[in-house]
Structures are given as structure tokens and as C-alpha cells.
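One chain, chain A, links the two complexes that follow: it is found with chain B in the first and with chain C in the second.
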Partner chain A sequence: MSYDDDDYPADTFPKDFGYGTYNQDGLEMEPNSTGSSETKPRILLMGLRRSGKSSIQKVVFHKMSPNETLFLESTSKIVKDDINNSSFVQFQIWDFPGQIDFIEPTFDSDMIFGGCGALVFVIDAKDDYNEALTKFKNTVIKAYKVNQRIKFEVFIHKVDGISDDSKMESQRDIHQRSSDDLSEAGLNQIHLSFHLTSIYDHSIFEAFSKVVQKLIPQLPTLENLLNIFIPNSGIEKAFLFDVVSKIYIATDSSPVDMQTYELCCDMIDVVIDLSSIYSSEETAFDSGSSSLIKLNNNTILYLREVNKFLALVCILREENFNRQGVIDYNFICFRDAISEVFELRLRQKQLENNEDEDLADEHTLIRHGNDAAVVT
Partner chain B sequence: MRFPDARICMEGHANALALSKDNTLIAVAGRSLLKVYSIDDYGFREVCNMRGGKNQNLSYSSNDVAWSTMDCNLLATAATNGVVSVWDHSKCGRQKQLLVYNEHERTAHTVTFHSSEPNILISGSQDGTIKCFDIRSDKSVNTYFSNSESVRDVKFSPHAQNIFSAVSENGTVQLWDMRKWDKCMVQFTAHYGPVYTCDWHPTRNWLATGSRDKQIKVWDMDGRPGLEYTIHTIAVVGRVKWRPERTYHIASCALVVDYSIHVWDIRRPYIPFASFNEHTNVTTGIAWLGNDSHCLLSTSKDSTLHKHAFEDATRPALKANAQGASLGRYGDISFANKIKEYAPKTSGASNTKTSSSFISRRKSIVAGSIQFHLDHSRMYKFMVKDAFSGFPLNESDSKPRQEHECFIGCARELIMSGKKLAELCEHNSEVSKKYGRHNATTLWNFLKLFYGSNHFEPPFEHRSSFSNQKNPINQRRATQVPSDWPQQRSDLSQDLNGNAQEATHEIDAANEDDDPLGGSGVEHPPTSSVILSETQIISEINFDNFELLRNGFIYVGPTDAAKALAFPALHHDVQAARPQLEIKASDHEKSPPPHVPTVLKVSHVPPIPMWEPHKFVADALMLLNDVGDVQTALTVIISLGEARKLLPLEDTLVEHWFHTYVDQLHRYELWNEACEVINRSWLRSVQQLNQQSTAMHTNCGDCGRQLSNKVGWYCDKCKSMQSAKCCVCGLIVRGVYAWCQGCSHGGHIEHLQKYFAKHSKCPKCGHLCAYS
Partner chain C sequence: MKKKVLLMGKSGSGKTSMRSIIFANYIARDTTRLGATIDVEHSHVKFLGNLVLNLWDCGGQEGFMKQYIAQQRDNIFRNVEVLIYVFDVESQEMERDVHYYQSCLEALLQNSPEALIFCLVHKMDLVPEEQREEVFKDREEDLIRLSKPGNVTCFRTSIWDETLYKAWSSIVTMLIPNVAALEDSVTHFANVIEADEVLLFEKATFLVISYFQSKKNRDSHRFEKVSNIIKQFKLSCSKLGAKFQSMEVRNSAFAAFIDTFTSNTYVMVVMSDPTLPSEATLVNIRNARKHFEELENPNNSAMNHHSHKYH
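What follows is the complex of A and B.
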């Protein structure tokens, strides 16, 4: 059975793939672009000034080296960044300047929070975070009024500089105080998630992965597919990666080990770097991409392209790889299943567009995974 | 009765195991495995394979398995697709699967039965919910929203009927009352990574949690949860299980890297009490055989099921080195060792011991039997008496100094730049002499001779032959030969016709410099003695001479001996050299009078072997370093300035010296000196030492808390601008604010200047500020 990339409708993927172009418009947007951007869930990056918002955005989505972020100017306008690099992750990241004041009436909070999927609030762990917490509380209250479906994520950032014990202490303290603040305001039902992050290790990628995963309605389906794929192929752990940002869209249910994740991230870097040296075309990563790395501890890293923007990276033991045919066949089934998920979503999208643009439909869950034919 | 180890291979990886109530049956669950084994004294026997048959679906791929606490036939599994199933292994075929709850949206991670109500079970899932099922109905009874990404483990408390604990991937532990589904009773952050497992202590109200942050923590759950013990393991903790009948023992296994099972005594968290190393892949499930504390069951990804007897466990503590010793910076030594019970108390004190502070960490509680966590240890501290110097021999003539005093003194007083090299060398040789470092003194003097006058120009004695010839023609001719003198430096045998004028000057200067030194009776670099005796004649110093000279001055050992040995050798050398020199001299005399231009025997001079001091200086520095005096070695290199490039020393070695010396300076808290050394460095890696931390923290003078960086002088804690005021005049300081780094008080710099001219203590708190 052969797989052909042309099976996908060509307009599924935006043509302007690549991160070179992000528009640095101000708040004012052209009227025609408003319509298209509202269909994409938005991730807002907020926090006090100098807390590291732009650094996070640059490191995660623009491959900037963490050391270079020292020289980033502070952001003075809202920077909108379209991350529509895959049909799964179609969202925008809005990087807000720290000194922005939402209480000001000039701010169109309906517009800002309306189509917002997740609000990431960055708190500098090394700094005194009293002020940050106050601002966080105000932001949450404001945003919740406009849009109750926003997911609130708190990044306790720059934890590379503090000790393990104080990491936990500050997480506990921030958790406690922000929950207290919210319950004082009568918003007990708001659920906050906390992540300890640093741009100097992979914790920021992991945290962002979790943020993004919450915005993917098909996540349970994807997880299920992976859970089926893995035991039947003798694989220990598999990640479905967004290639450019190296965040994982889904993984199987076994616990994520940081080292494993870092290995897989590095592998993607290696593959992309190597193939951009030798590929004749502009895109370094396409439907034929696959790679195999043997580690010296009898472990194999196996990368297969799923579609133009997604890659599956697996870790397996060497003795299980002698059945590569089975693994490859299973993988093709897995890929087909994902493409079906795509198509369903597209059809659903079209229906939505035809009838009304109710965003709530995004929540409809597609239980799809069990159809996948799997050979043991 | 002793159980032998038993082992059985299964097909497929196991994820979990569970023991039935009467401890005769074991259920093992994995992604492609669900089996029941019976266990007896001889080993395992397969009772039932639930995955038999063709019709397999995802509900068979289990993450966790649990036995009913009442019915020996009932067990429950949590599957990767979120299905929670209840099985009856006594039935046959498809009917084994009694109930299927397909309610979790995502993977179910854990399932457990209630300890006293046999119909109730709860499950935790990746979707962040905990569901409670009653096996009499086909729907969930309750759903608890944990408000986290993923619930990794749930356990019923053995101490309270309706309480269960849930741990989740965001590092929190929650306590729920089964009857109150809307809100958890207690919630607290336990780890800074995902928590993967928890276990209730069988008798005490303790909860143990294991996390990706590689720690096992034990929480006292009475009232407000308090941290009792922390164990740092080497890998991500996968499962923990309290050992029955032992209050303080807990077994753990890791998710990655570490394949063995460790049993810890929580009172001694640094080393496992016992370890089982049989598995060849990651251990995924552990259980104690009922209340038998000597029998442990485990499954692993290597597809085996093991029964371990506690007698066969390895005891890592026995292999650990129970001694430790450390050297203090003032030459004292501390030594700690484990003491065996009833061992005769031998004092390991040597004769250098003046005070041995005896610290026994714990008092003996149980006499006779050594307990794992109560090992006795003893610490000795050996201090060096003031009367003893660093060297064992007594030097009557020199003031006894300890080695560290010399080091500190030298570090403070040696200068590395700012003057001419000759002056530097002179100063440094004096300093070295003062601190009894005769080798170093010699080296400094030697350096002064060879590099002192001109960094780039090694002075050569033979040129004195030219200097004696007051012949303008020759001079001119001589200067014509070396077109580019510095370039020919490397090719020394060619440029002996160096400009004589300079040479004259050099040698004169050298002689002048040497005279006072030689006269002062200090042990003197032998080189100068040779030169002194031969000032007016051609001093032809060949390699052999210098070889000996060098051997003399870098002799390492008692300094006196060095002196004593060096001189005779030299003397002999000089004697040996003299005849030759005299011949030369006589030759010279016999030659036509000096005013005749043809006297200069240029043709004779070229074959004179030239001598490069660089190699020997480098050797000397290496030797100094080898005998532990990196201080002098490095100071020499720094002082030489550009001339150091002549020395054949590798950059990596010099870098190593830099790091060593800076380290030593830091140990003696000589921060300024260390800083100077770092600044003088020309190596990138060393210079960067100063750039590692540039943060400067300011404290509020009133409360002593750190000021936030937002507004430099406003203290958030005491809500005042007090620290912006001058503590002498009480007004707010504009412009330069000077303050004491010790007590955080300060003010106008001119006020402080006036104040500290009369007082020595801080105007505000009486702190002894070192105003300078």
C-alpha cells in the first residue's frame, strides 16, 4: 500500500511555511485579516516587562539560541505570530509588551480575549513576584469576563537560576497565592496550570507542548493512535512532533522522561540540519524524510515523517527493530489514520463555515482511533 | 522459612502487578499481557491468561491492575484507551470480562479497590479526572476533577474510610473525601516535577510520593501536610511501596536508567539499605508478599516476574567507603570514619595532633547490634601547632612560618605589573626571601638578569667583548649586520653582532644591579657571580655551565641545603671555567693594542654557542609547579608580560595554572588578589571567570531584606524610603550613594568621609565599617 502526500487537499497547508515572516503590526489589523485570524485559536503571552515573554517566543518558535535572547529589545507593540505551520497547530501567538495596561479603555479586550485559546502568563521566578501576581489576577478576571473558555497557564520562568528546593517553594507559593486571589474574587472555578520553565533547557518546550495540547481537540484520538501503534510495534516511547518548533503534539501514555524528550528534539535538529545541507529543494523536511540513529546503549531513535509538518520520533530497543517491516507497515496505518482525522476535521470546518461560525463546535470530539488497522 | 528466589518469563512487557488478598495469586498486566499466576514455595505457575483468543481490543492493553480486596476471583484493569474493566478469572472465554467502563476520555493510569467496601473502585486518568465505580452498576458513581493534566496514581488511605490520595503530573498531591466530589480536602505541591506514584504507610499516617525530580518524599498527613523525610535517588521514581513490619523501610524502583529495586531506610536517605539487581530492564511493578517483609515480588519490562528473598539482597552500605578525609586550608586535616561496635578505641592521633575534637554523631542506642541507620562515626580534626612550620625541619635562622602564611603573604605582596620588570623582579625576590622561599628568590633574581633590562632582548654576556672595544668603525659595522634585530631573536647564533651600544648599557646595568645584591650576602644567583668575576674579560659561558647553574638553583628541598649545594657546585664550575677564560684573556692581551681597529676578531666570535634562557625558565616554572608552588610560577609568567611568549609553555598548562592559583586564592578568601590575577590573564577562559555573575544585590538598611530592583531605594518590606537617606545628615541622597556592604548603611560620600575620619563605627548600627 502506498502513501501519497497528494491525498491531502492542497490547501490544508498554508503556503507561507517557515518562520521568517511574522508581521509586526500593531493592534490595528486590516479588516479582511480579522476574519481569518479569528478562526485560529490564539495564545497570548503576557507578564511583567523583562519576564521573558519574547525570549520564550523566540526560542520556541524561531529557533533562537537562548544566549542570544539577552540582546532582545523589550517589546513595545503587540507582536502577532502566526503558527499555522501544521493543520493541527493553527494558532497565533501574541506577544504582549509587559507594560501594557488592560484597564485602559482604549484596549479592546473583547477583541484580544475573544478568540483566545490560552493565556500564558510569565512570572520571573528570580524576581519578586508580588507585582506579577497582582497583574495576573487583574488579567485573569478581565479575560474571564470576556471569554470563559480561556485556559490559563502560568509559566514560572527562569528557574535555571534557582535551586531545586526553592523551585518547589516558589511554585507552591505562587500557586497558593494566586488561587487565594482568585477565590477572593469569587472565581473558584477558574483552573490554573503551573509550569516551571527555563529557556536554557527543554522545560520550556515541554510546557509549551502541554499548552498547545490543550488546544488540540483531537488530542485523545492522537494519543489513542499512539497507544495502539506503540505496543504493536515494540516501541518504548513515541512523540508526535511539530517539526519546526519541536513541541510535541501528542505522546503515548507512558511518562515523559526529560532525557528521552531532549534526545528526540536533538534528533529532529540533526535531521533538519543534515537534510538542508543535501536537499536540492527549499524544504528540508518532506514526505520522504526518515532517519535512523543507533545509540550505543542498544537503543534506536527512529524518525518518520507524518506529513509536511509533523514527524513521529520513536525510541525502541535494537532487538525490536529487526521487525522493521512491521513497524513501517504499522506506521503507514498510523499515518493514514491521522490523515483521516484531518479530513474529518476539514469536513467539520466546512460545515461550520456553511452554517454558522460557532467556535464551540471545535470541542466536538472525534473518536476515531479504533478504526486503525494494526498488525501485530 | 526461607523462600528461594523464583523467576518466570512472560511474553510481553509488564506494566504492573497485583497480589490477591490471600497472597496466593499474582496478576500481571502489560500492554500485551494480562495473566494470573499462582505463587507457592517452588515458584510461579500460570493459572489463567486473559488475553487468550483472537478477539483482542484495546481494553486488554493495561496500564495497571488491582485485585478485589474481598473476592479472590475479581480483578480490575486500567487500559491505555481509558477503559476500566473488571474481570472474573474463574469464568471462561469472553465472559471473563465482567464489566467495561468506557468513561475516561484519555488513558487510565491507575485503578484501585476500596479496602473495606468490595464493590467500590476508583481510577485515575490522563484526562485529569478520578472516577469512582460501583461494580453493581455499569456507570461511574462519581467523578472527581483534579484540575490537573493527568492523575498518575490514586491510593485509598488505610487509616480513614473514605479518604483517598491522588497524585498528578503537575506536582501536586490531593486528598479527597469520596463523598465530596466537588472539591478536594487538601491540596499541596509536593514536587517540582510530575509525581508518578504514592503509597500510604500501613500503620502511620504517612504518605510517600515519588516523582520525576528523582526524589521520594514522605509526608506526615496529620493536619497540615508536613514533609518528614526526603530521599534523593539517581533516577526518576516509578513506584514506591512501604515494607510491611518495618516502620522506616520503603522499596522503590525507577522508570529509566536504573533497573534495580532499592529498599531505603528513610532515616538514612543517602544509601539504600538493600538492593535487588536481578532485572535486566526497567522494573515496573513491585509488591511485598502480604505481610512477609522478607519476600518481594517484582515485574519488569524484561518480561520476567521475580520473587526476591531479602537475604539475597545486596547491601550497598557494606561496599561503601566509610572513611572520609579533608584537608583544611590552614594545613589541618579532618578525618571521619565509621566505628565498629566494641572495637577498641584507638586514637588515630599522630604526634602532630594538638587538639582532636571528638564528634560522635549519635549516641549508641542498641548495644550489640549495629543498626543500619545508626552507624557510629567519629570525626577527628588534626591541627597543626603554631610552633611547627610547614617543613618538618627547624630552621633556626629564619622565622618559622606556616606554609599558608607564606602563601597569603606572597599573594598580597608580590606585584605583577606597574613597574619595570627589573624592579618587579627585585621586589618579588625580596618578598620571596622574606617568606623563606629561597628557590623563588633565586628564580626572580635570575629573571631580572635575563629579562630585566629589555623584555624582547635576552642580554648576552659575550657582547661585553664588543663593549670593551671602543671602536666606532666596528660599532658601525656591527650595527649594520642586524637589519632587523627583533626578528632575528629566534636565530640567536646569527645576531651576536647586536648593537654594541645597547649591550654595553645592558651589561653595565646588570652589573650595577648585581652589586648590592651580591654584597648583601643573600644567596645569590650563581650567574651573577660568574659575571662579576669576569666583568672585564670575555665571559664565554657555554651550555655546560648553565646546565649546572640551572641544576643548582632549582634544587628542591630544604632551602638551606639548596644554598649549600648550589654554591660548591658553582664554585667548582667557575674554577673549571676559569682556565679557559684566562686563556682567552691572555689571548686578548697578546693581541694588538685596543686602538687598532683590526683587533676585533669577529671571525672568532660567531662559533660561541648561544644560550637561550627561555627553555630553562620554562623548565624551572614547571618544576616549581610540580613541587606545589604554582604561585611563583604563575606570578613569573604574568610579570614577564610580553616576554612570556618566548617561554615554550603550552597555553593549556598556563590556563591550568591560572585556575589552580585562582582556586587557591579563593580558598584563602583573597578575593582582590584573585580578581587581579584574573584581570591580568590573557586567556579567554580565565577572563570569563569574572563575568559569570555580575548581579549586585542591595539590601534595605532597616530590615535587611533585599531591595527589589524596580526602584532602587524603596523597600517593599518596610514601605519606606529610609534606605535612600544619608545616615549622617538624614536627607535623601541625590547622586553618589556610598554604603557599607556589611551593614547596608550609607549616605553622602562627603559626609561619610568626614564621619569616618573621626569614627570607625557605623553611625547607625555600630557596625565596624571598613571605610576606605
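What follows is the complex of A and C.
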């Protein structure tokens, strides 16, 4: 096999699983991506057939409109989708069709679960989910054995069109049964998180945001920076967005209003769409990207580029925008601080001091102290 | 000035869906909730100052069609300015569709010989992308032949992409009385402020009613795309009970400004020099406002003021 020298998990599927069609076309891999991927959160997406994994992937990372996902064919081979180059988040999807016996000893779960930060298991809420729960239990047990730090996230999916009552009911039921399953297996200590999701609204983006945030070790620092930046600039709320996926990496500590978040998502859409028309698709989001939208209720939305992947979207009152100079200056301080936070992480990884996260935090805090002085 | 617009076509061909998207801020997905139109639904759409579109959405079930052609013939086809006839591209009974189309056409030519005729080949999204051009060309040829002696303009449309905006934009532009003056002013304005592109949108529908471009853009569908993008955003704002007033988007290659312009329009100005301060462009837009306002409402006092200036 041509991939023998890359240690990619895809290699580990023995041919005798009946994957005749599985070939390199289905596995667009980049062997050299390990360097940068180390510093990015890695997410696995699993679930039964037709639970909606491909649709989620297309809608969140490829800007497909939810209606078009109806025409997606079911995934017949193992698909590994890399969003390495465009997104802050590294994200892989593993489709596990029925005939694979997941617990098969030849199945190399070390490779799959070893480097992954979160496992998202998609359950179709409109379907009978008994089989899904069994699969989920087996997956969790197996994954936990390999990697105890893995975060387990359950997406109770396709909840659009279900009444709020039955939504809560299925969440309660799924929660109850999966917890029971795990305690039977003697794994009480595993923490499961549940999210109600649908591709027809922003709940899927919101859920992913929460999943990704748990995987970012710098999150407290980022939140702290935002908390300093915001009051000093007269801003009410700010989101740090991964532009491609519209996942928010961090926000300040004030509560998140779903509608405000949706509006910020839509703003990113507008900015990227207009920019791809008037510059080009590849350079739509570049170092000069910024946008300002005024609404008639005295509100301003202000977007600035932070780095290749990230944008900051701020919401503020119109009268506070009079001092745009101050906001812009503070923003530059904020952006520098963020790039240092991530650079440090990268440098540290290059030095292969894998376990030195404490040190990183220490550095960023000092740096962040400096920034506080500048911002005020 | 009222202009009567007939919207006709077989039942289920998509007349009410497109009307709802263009004039009633529906999004494409919501049109699945619409039921069949019974008889004729009238709606008045205030468009650009004194132009009012009087839309007659004619339910297309056979029983109704027969009535339109027979008993209601005069009522329906008199004083028509525009006939928009919608064909479902996937229709299995093309012959019958054509039969009704020709009967309507005949009635129209008798009662309103001056009326403009447009055919929309609709639901093009159901045709595989690579065949769309060919299928449409065939249909267009047929329709032009079948419409003789009337003159017909054909558009391919789908509610799922920007083609719908393109068709309606072209249609309404033909109805605006002083469109030539508007275009001159837009061109003049664009040259003065050295803009790459200036678009004028009707406020409620966000259809492009006039434009100027000085620089070639590789995307020939961009006006409709912009309409679509902004309209989607307007809808998201309305979920929060807000309306959007102005917008500025820029990167290293361009700067675009969208702003409320006259009482009936929005303007979009695209500049290729992003180093130019935004405020400069915004002031220019503000200054041009008055001139366009007068252009749109020539009847009110502003006109007097205007003529004084030149005396």
C-alpha cells in the first residue's frame, strides 16, 4: 500500500472488512500536516449510517445550504475529511457502517483515538436509537481504554420539527440510558455531554463551538483577553470566530444570546460572500478584512481580522463607536496578544516539550499582564 | 402611476413562490408552506416613488384558466402592462401548457397590444447543471416561435439561486419611467467619486434597478448574488427586530459600501482603492442623495427647487 510510511489511522483498516471500494480517493490525506495539526483541536465524528454526519460536515465546513444535503449520497467508504488548511479546527469524520465490527481486535483503535481530543457521536433523534446507543456504548468503552483524556460529546441530531417537549424527552432518555450503560460497564467516571442539534438552524454551530472550546487549552487566556478588551473599548459583546466554520473559539464572560450569535454568523457570511465577489474566493479573507454594519436600533456590528483563521466580531452601541480610534488601537493590542498566545504554543511544540502546558500558561499570563496595561 | 402585471402559468409552476420571495421577504425554504392560489390574488407593491405594481397572481388550475380566457377575458387582459408567464421546466404536459399560453397571448394581444411579455422557464434547479444551458436554449427557441406575432423575452429561473433576481430585476427595470435619467445620474456619480461599481437597489425587494461599472468583474451574476446576500442578511436582522442601515465590507483589494440612499433605494459603491478613508466615500454618498431623491420624485416641491437652480 502506498501509505505504508505515513502513520495514518486509515491504514489500519484491514481489507477483509469488506471495503472493496475503499481506495485512496476517499482518503485525501496530507502526510505533512502533523506539524501544525498538533496544535489544533482534533475532532472525530462518528455515528450510525444516515445519522447525518456528512450533512453536518458539508453544512459546517463547506457552506452547503441545508436543503442541498438532501441530495448527498450515503457515504459508502471511510471518509476522512481534513479541514487543516482553512480552519482553526482540525476535524475528521469517520463513518462506521454497520458491517464493521468495531470491537474486532484487528481494528487499530490506538491510532484512531490516540491523538483525538473529542469524539462526537451523532444520534438521529427521529429514528429508533437503540442500535445507536449500543454502538455508542461500545465506542466509548473502547476509546476510553485507549485515551482517557478524550471528551465524549453526543449530538442528538435532526431535532428540527420536533416539539420542545419531545426534544427534552429524548435528551433525557438518551442521557439516562447511556449513563446506565456506562455504569453497568463500570465506567461511572466518564463524563458525557449532550447537545440538541439541527443543520437547519444555528444549533449545530453552537454545539460545535462548545465542543471545540473544551479542546483549546488557551481558552481561559483568550476569555481573559476579551474580558479586558471589551469594557475598555465600550463594546458589549465579542466573539472570536473561526471564519470558515463560524464556530466561536471564545467569547467574553457575559451570557451568549443565541440570536446575537446567529447575527454574527450571518455577518461573516455576508463579508465572505461579498469579498469573494469583489476580490477572489481564495483571498476573500485577508489581512485587510474588516466590516462595519449599522442597524437601526442603535447597534453596530464590527468585524476585524485577527489571523488567517480567526476574526473578531464585536457588538456595540452606536454612540460608543465615536471613539473608533480607541477601539482600533485596543484591538491591535488584543490581536498581538492572541498571536503571541498561539505562537508560544507552536514554538513549544516544536521544542517537543509536550507536557509543558503549565509553562505556557505562565508565559501568557505575564504577557497578558502587559497587555492589560496597554489596553487601559 | 399604477402598472398592471399579470402573473400566469400552470398550477404548481411556482408563481406564488417567486412572488413571495421577491415581494414578501420569504426565504426559498418557506415557500413549501404555500398552498395553491385560488382564482386571482391581487397585490399592490409600492415600487420606486410613484410607481405601483399591481400584481395579479392568477391561480393556474385548468378551471380558472378557462374562465380567464372566456368569461373574465376583458377583466383580466385589459390595461395590462406586463404579462409574466411561468413554465415549469419539468412539466410533463408541454402541449397543454402551450395551448393555454397561446390562448392567453391571443387574449392579451387583443386587449392590451402594447403589453410586454416575459416567459420564465422555472424550476431550473431540477435540471442537472451541465444541461441547463442547453435545455433553456431549446425552450427559449420554442417559446419565441410559439409566441408569434408577439415579442417575448425569456429567462431561466430557480428560487434556489440568483437567477430569480436577475429575471425580476430586468423586468422591473423596464417598468421604471425615468430609467434612462437614473442611469445617467448613476454613471455621473460613479465617475465623480471614481468608483469601480455603483449599484442602485430598490429598497423593499433589493432588486438592482440601475448600475454602473468601470472595471470588468469576472462574475457576471454578481448583482443578483449581492441582492440575494443582502436580502438574506436583512431577514436575519429582522429576526432581532432590527433593520440594517448601512454596511461596509473591505479587504486588501477592495472596499464596498452599502447605504440607505433615497426613500426608495439603497446604493452600493465599490472602490478598488481600500486606502481611501471610508468617510470620504460616505460623504460623497450623502451628497448625492438629494439629487437622486429629486430624480425619483419629480412631482413634488423638490422639483421646483431643482428648476430654480438652473434658471
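What we mean here is this: the second predicted complex is superposed on the first by the 291 of 376 C-alpha atoms of A that agree within 3 Å, B and C clash if a C-alpha of one lies under 4 Å from a C-alpha of the other, contacts with A are read in each partner's own complex, and residues count from 1 in each chain.
Keep in mind that, in the parts below, contacts are C-beta pairs under 8 Å (C-beta built on N, C-alpha and C of every residue); 3 or more make two chains touch, one makes a residue touch a chain.
Predicted model, so just to flag it, every value in this text is computed and none were measured.
Asker: Here chain A is shared; do chain B and chain C fit on it together or clash?
Answerer: Verdict on chain A: clash between chain B and chain C.
Asker: For A:Asn296, decide between first (touching chain B), second (touching chain C), both and neither.
Answerer: second
Asker: In the superposed arrangement, does A:Val146 touch chain B (first), chain C (second), both or neither?
Answerer: neither
Asker: Please indicate which partner A:Leu196 is in contact with in the superposed arrangement: first for chain B, second for chain C, both, or neither.
Answerer: After superposing on A, A:Leu196 lies in contact with chain B but is clear of chain C.
Asker: Let me test your reading of the model: by the given contact rule, A:Asp127 touches which partner, first (chain B), second (chain C), both or neither?
Answerer: First partner only.
Asker: Please indicate which partner A:Met168 is in contact with in the superposed arrangement: first for chain B, second for chain C, both, or neither.
Answerer: In the superposition, A:Met168 contacts chain B only.
Asker: Given the touch rule stated above, what does A:Asn227 touch, chain B (first), chain C (second), both, or neither?
Answerer: It touches chain B, and chain C stays clear.
Asker: Just chain B (first), just chain C (second), both, or neither: which does A:Ile277 touch?
Answerer: A:Ile277: touches chain C, not chain B.
Asker: Does the superposition put A:Asp266 against chain B (first), chain C (second), both, or neither?
Answerer: After superposing on A, A:Asp266 lies in contact with chain C but is clear of chain B.
Asker: Give one of first, second, both or neither to describe whether A:Met258 is in contact with chain B, with chain C, with both, or with none.
Answerer: Touch partner of A:Met258: chain B, not chain C.
Asker: Pick from 38-46, 254-262 or 272-280: which stretch of chain C gets in the way of chain B?
Answerer: 38-46
Asker: Once the two structures are fitted together, what part of chain A is touched by chain B and by chain C alike?
Answerer: Overlap of chain B and chain C footprints on chain A: residues 259-260.
Asker: Considering only the defined contacts, which chain A positions touch chain B in the complex?
Answerer: The contact residues of chain A facing chain B are 127-128, 130-131, 164, 167-168, 171-172, 175, 191, 193-196, 210, 219-220, 223-224, 227-228, 230-232, 252-253, 255-260, 365, 369-370, 376.
Asker: In their shared complex, at which residues does chain C touch chain A?
Answerer: 28-29, 160, 217, 219, 222, 225-226, 229-230, 232-233, 236-237, 239-254, 256, 270, 274, 278
Asker: Within the complex, which stretch of chain B touches chain A?
Answerer: My answer: residues 12-13, 31-32, 57-58, 61, 63, 80-82, 105-107, 109, 126-127, 147-149, 152, 170-172, 188-192, 194, 196, 212-213, 236, 238, 255-256, 708-710, 716.
Asker: Over in the complex, which chain A residues touch chain C? Could you list them?
Answerer: 65, 67, 259-260, 262-263, 266-267, 269-271, 273-275, 277-279, 283-297, 299
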